[in-house]
Every structure is written in C-alpha cells, then in structure tokens.
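Below: the structure, in structure tokens.
Labels for the chains are A, B and C, by order of writing; each one numbers its residues from 1.
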Amino acid sequence: MPLLQHLCQLLYDSSFGTMIRESNNAFPIIESIHVLSITLLIGTIAVLDLRMLGLVLRPIPVTRVARSVLPLTWSGFTVSFVSGFLLFWAEAAKNYSNPAFRAKLILLGLAGLNPLIFHTTIYRRVHQWESLHISPWRARAAAIASLSLWSGVIIAGRAIAYF
Amino acid sequence: MNLPVARKVIPMKPQFTLLLTLALTLSAVPAYAHHSFAAEFDGTKPVRLVGKITRVEWTNPHTYFYIDVVDTQGKVTNWGVEGASPGALSRRGWKREDLKIGGKVVVEGYRAKNGSNLADGRLVTLPDGRKVYGGSPGDGGPGDDGTDHGSLPGTTQ
Amino acid sequence: MSLHSLFMDLAHSPLGHAMQTSKWDFAIVEMVHLLALAVLGGSVLIVDLRLLGVILKGESARDIGRDLYRLLLGSLLVMVVSGVALLSEEAGKCYYSPAFRCKMALLAAAILFYFTLHRRALIHTGSGKPSLWARFAAVVSLLLWLGVGVAGRAIGLL
C-alpha cells in the first residue's frame, strides 16, 4: 500500500476518526459548519474579486475593500480548514480513492497559489491603481482565476458524495 | 464621488411567483411520485430480503449493513442495505447494537437502479423482533404517511 | 388548491420527474445552489458588517447596500430557482419536514426584514457611525440568514 494511503487508513481507523464517523451529531454539525463557512471564505473574497473586475463598490479603493475583506476571508479559511480536516480525519481512507476529493485538493492548492502570485506581483504596485474603477488586467486575471478556482472547490466538494 | 445610477431592478416577489407558477403549470405527464432516494434506488423494484447480518458500517453520511440471503436453491448472495445517518436512525429508534452480526433481519425496501445487490432499508425487522422505519415523512415510499414512523404494518411506534 | 396538492403538482411536473430520475441533474442543481449561497452570504456579510460599524467605516452604508443589492438579489434569485428544482425532487418529504417549514419562514422573514427595516437602517446610517438600532438591525439580519442556512442543512439531516 502506498505510504499516503497507509496514512489515510491510520487516520480512518483511529478512535478519534471513528468516533466522528459514527457519531449521531458531531459529523452532521461539523459538516454543516464546513458548508456554511463557504460564505465567510469564498463569499467575501468574491466581493474583492468583483471589485477588481469593476462590478461592485467602485468608488471604494481596492486597498480599502481588501483591508475589510481579507480578515473575514482568513477567518473563513480557518473555520473551513479545521472543519474540513476533521471531516477528512473521519473519512480519510474513503477520501483517498475519491476522484472528486483529489480534484478538490488540487483546486484548493491552486486557489491558494493564485493570491500568492497576485500579492507578490501586481498588488505590490496597488497604490498606482487602487482607485481605478476597473483594475489592471493582471489583477483582473487574478480575480477571474480566484472566482473560477473557488467555484471549482465548491463543485468538487459537493461531488465527493457522488463517487 | 458619485455612484453609478441604480439600475432598474425587477422586484423579486413577482419573479418568484412567476417562476413557481411556470414550474407548476408544466405538470403534463402524471409521473409517479418517487421517494427521495430516486436518484440511486428504483421505485418500481421493491425487494424483501431475509438474511443474517454479516457486516455493519454505522457511519456518516449513510449507514450500511450487509446480509447473507439464501435463496430456494440454497445459493447465498450478500446484499447491502443503505440507511440514513446514525443520528437520523437513532431518532427512529435504531441503535448500532440492534444489528448484531449473525442476527436475522427482514428488510423491505427498493433495489438500486444499477441492478446491484444494494437496497435502501425502508422497513427493517431487527433481530430482537422490533420493526423500525427507515424512510422520511413524505418521501413517497412504501409506508409513508407523513409521519416519523410510517404506517407499514407492525411498525414500532 | 391546498398547499399539499401544490407540492404534489411540483413533484409530478416534468421538472420534478427530471430531478427525481437523473442523479447528475440533481447534483448540478445542488452545486448551483451552493455557489449562489456563497455569493449571497458574502454580500450579506459585507453589508451587515458595515452596518455594524466593523468594516468599511466612513464609507456610505447606504451606497454599499445599494451597490451590493444587485449581487444579493441576483444570488437570491438563483437560490430560489435552484431551490424550487431541489424541492421538486422530494416535495412530499419537504412538505412534512419541520426543517423545511422553518427555513421557509426564516427566509420570508429575512427577505421582508431586508426590504423594510434593514433598508431604513442603512439609509439612516449614511457614512457615519451606526446607531444602536442600526447595529441591532444588522445582527437580526445576520441571525435570520444564518438561520435559513442552518435550517436548510437540517432538511437533509433529520
């Protein structure tokens, strides 16, 4: 058995993972928190993305919107990550072979890489373009990538149940 | 700095009403009301399985237990029975301990659409003789009378 | 025509039939419902956190509300349409489900509140600090919408 699969099996077989998986209420509650946290994680970053695309909040500088949105997005990420990790712990062995789960992780990685690139390149010059109603094309590209990748995460996440 | 002039937006309520009406007036063919497992299970293929429990997976999001069914020729087939989550089943009076390995159960349900040996457990007679309901109120399957315990004969209230 | 027969008509409609027989049709509608949920939740959060005076302080609450109004309404519409499709797959179960009834009541309350008292609170606040009343309106809005989400989850879990 490959090492990664073996680790997944260990998590799955652990008493903690088993407890969550066989629980009456813990699993449904954790899953519900995970699903509803998409509003805090993805819904908020979507507003920043839409600002850079010039579709909402145009009179407000991008930096102001970012300063307001990003703490919310990070809170959402924390909640999503913790709840998601607990769900993974409970289902690890099954998730390992699930194509939708693998797709979700890949998209998640890309969704994390995108802002990294964005913040170290075009965003470094943000004071030159923060007040423009429509941001420069590199920022718009990052915004579209963000919206697409996070949508993909949601879609792949929902698809897990179908494989 | 001025905001762009607010565009004219159609009020939501009439739109919703229109859409709902549209959806309802599309009722042409009298299709049989399937139950909510209709994506996976076939409402026209009821099954009644009698067998001994070989394995139990008391897991979220769905529980499963497996039984060895012996037919008239003596051939043994292993069937899977899918149920709701542990929490939902516990509210219907099931406990994990009720499904003892080797215990005899009677399962009434529907077969999986893909023809595999999988059924959803709508009414299960547990090894201790109690009959427990596996459906949801209003899902349209056998025994559905809109309540939590169904109206199949012999169901424990 | 009773409410129950209305639900049954929906279940028997071609939409209901399609939802009940195709696994992936249902899955796609669920995904659309979730995508719209993210957008709806995001807009509600931004508007209400401004109304609470937590973010975008000094910016016009009224203008933010008005600007995000299209986003909020659009995503809400998508949720309602996809919601009707989801309902058509298990109309009978939803009719009897206390979670579904709760969700519909909270949804009606949230929408009503949003178009009346909440809107007035946004206008009153303008670019300044929110009054106690405005902050109360923001909290009520957040709780109502959260309630809709939680009740929606409960439909499938109970």
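As a working rule, a residue touches a chain if its C-beta (ideal position, glycine included) is under 8 Å from a C-beta of that chain, and two chains touch if they have at least 3 such contacts.
The shown structure was predicted, so the numbers you read here are calculated from the model rather than taken from an experiment.
K.L.:
Name the chain pair with more contacting C-beta pairs, choosing from A-B and A-C.
P.N.:
Of A-B and A-C, more C-beta pairs in contact link A-C.
K.L.:
Tell me, please, which chain's centre (mean of its C-alpha atoms) is farthest from the centre of chain A?
P.N.:
For chain A, the chain whose C-alpha mean is farthest off is B.
K.L.:
How many angstrom lie between the centres of chain B and chain C, each centre taken as the mean Cα position?
P.N.:
27
K.L.:
Using mean CA coordinates as chain centres, what's the gap between chain A and chain B in Å?
P.N.:
32
K.L.:
Please report how many Å separate the Cα centroid of chain A from that of chain C, as a whole number.
P.N.:
21
K.L.:
Would you mind listing the residues of chain A that make contact with two or more other chains?
P.N.:
Chain A, residues with two or more chain partners: 28, 31, 58-59.
K.L.:
Of all the residues in chain B, which ones touch at least 2 other chains?
P.N.:
Residue numbers touching two or more other chains: 3, 85, 87.
K.L.:
Of all residues in chain C, which are in touch with two or more distinct other chains?
P.N.:
In chain C, the residues touching two or more other chains are 23, 63, 67, 157.
K.L.:
In the complex formed with chain B, which residues of chain A make contact?
P.N.:
20-25, 27-28, 31, 58-59, 90, 161
K.L.:
Residue numbers of chain B touching chain C in their complex, please.
P.N.:
3, 6-7, 9, 12, 15-16, 19-20, 23-24, 26-31, 33-36, 38-40, 85, 87-88, 91, 136-140, 144, 146-147
K.L.:
Of all residues in chain A, which touch chain C in the complex?
P.N.:
Contacts found on chain A: 28, 31-32, 35-36, 38-40, 42-47, 50, 56-60, 64-65, 68-69, 72, 150-151, 154-155, 158-159, 162.
K.L.:
Which positions of chain C touch chain B when the two form their complex?
P.N.:
Against chain B, chain C makes touches at 6, 8-17, 20-23, 26, 63, 66-67, 69-70, 73, 76-77, 80-81, 84, 88-97, 111, 157-158.
K.L.:
How about chain B: which of its residues touch chain A in the complex?
P.N.:
Residue positions touching the partner: 1-4, 58-61, 85-87, 90, 96.
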